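Per-chain numbering from 1; labels A, B, C, D, E and F assigned in written order.
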């Protein structure tokens, strides 16, 4: 039994999310031994103006630091 | 004091969500003894292409397994 | 498919938690139409000194307000 | 290292959210000693008909109690 | 930027958790293009009597269904 | 109404957590206009070997990078 909640900035394609889910599921099955039918993976897509690092909303953080 | 976060596939009606909230609140008040005014219940509605089971996004999982 | 995460103060008995889980599961099956085998309910038990309301940790909040 | 997830009713302005993030970040840096570059703050904005208190969806709760 | 929260039953070894984290991180970097230094992965380990499926606490669910 | 969930490495004192809660509560009241009695702040304290950055569990990440 496993619940994997992925919080990330909106903008990945359905193909990217499907590939991420497949890779995480494989890790949970092969390493943790979780039964596949009970592995739930959920993506929470967040707008860039709802995420802050170092106290700066992402658009500002990226502009100010060049990271991200 | 209780926080109940319900992550589910988008698509329930306001009436369904209100009935679920009422039932969960009743359980928390009657069984756990939580004070009703401090029971927060939040629904996080997820698109079907943001949820995977067994490493397959839900539309694929349902088509492949007949479940769901 | 549903994930129900219940964050509550530590201190309920196994029997109370089992009864809460059964009641929530029944609501999700009967009202939301979720398949029971894909309803995961998880309790996160929190120590009283890790929870604040109105900016006061719970032991203080309860003492100051008489609530809780 | 800190992750701060803020679940709140939709409706705050970008300026309000930026100010909240800055204040929380300052608290985490100054009080907890977390390194700023590893403090992630995420806002989850919830529609009013996805949030219940005391078993009543927020529009009903506010109308019935005058709170909120 | 990504936050991956893994809720699972307690009982994996440090080596298993390290291997899961490495695999998930690789997926997030290679598929999602997230910068590694901003990928936080957190394990929430849950006791078996704090997790229910189909309304039954895990020890009961496993005994009754043979799954898990 | 607001729920603030703070996930951080275990090790802060009760006084630090109380001061963080007070600061966050003040921000939510003063900036967001949330009613104090409905602001729940919860700390989830995580062991260092349950948190990874850049795919390395925290003790390794700190040793390898000097950060943290």
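Definition applied: contacts are C-beta pairs under 8 Å (C-beta built on N, C-alpha and C of every residue); 3 or more make two chains touch, one makes a residue touch a chain.
Everything numeric in this text was worked out from a predicted model, so none of it was measured.
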Point to revise | Shared interface partners, meaning chains that touch subunit C and subunit F | key: B, E
Exercise for review: Compare the two sides of the subunit D and subunit F interface and say whether they are made mostly of the same residue numbers, over half shared, or of different ones.
Suggested key: same
Review point. Would you say A-E or B-F is joined by more C-beta pairs in contact?
Key: A-E
Review point. Among the chains, which is located farthest from subunit A on the basis of C-alpha centroids?
Key: C
Revision key, fill the gap. Chain-centre distance (mean CA atoms) for subunit C and subunit D, in whole Å, is 20
Practice item. Give, as an integer number of Å, the spacing between the C-alpha centres of subunit C and subunit B. Key: 13
Review point. Among the residues of subunit F, which ones contact at least 2 other chains?
Key: 1, 3, 5, 7, 24, 26, 37-38, 40, 42, 44, 51, 53
Exercise for review: Just say which it is for the chain contacts: an open line, a closed ring, a star, complete, or other.
Suggested key: other
Practice item. Report the complete set of touching chain pairs. Key: A-B, A-C, A-D, A-E, B-C, B-D, B-F, C-E, C-F, D-E, D-F, E-F
Review point. Which residues, counting only subunit F, touch subunit E once they are in their complex?
Key: 7, 44, 46, 49-57, 60
Point to revise | Touching residues (chain side subunit B, partner subunit F) in the complex | key: 1, 3, 38, 40, 42
Practice item. Enumerate the contact residues on subunit F facing subunit D in the complex. Key: 1-9, 12, 16, 19-20, 23-24, 26-28, 31-32, 34-35, 37-38, 51, 53, 58, 67-68
Check your understanding: Taking the complex as given, what residues does subunit F use to touch subunit C?
Key -> 5, 14, 17-18, 21-22, 24-26, 29, 36-37, 39-45
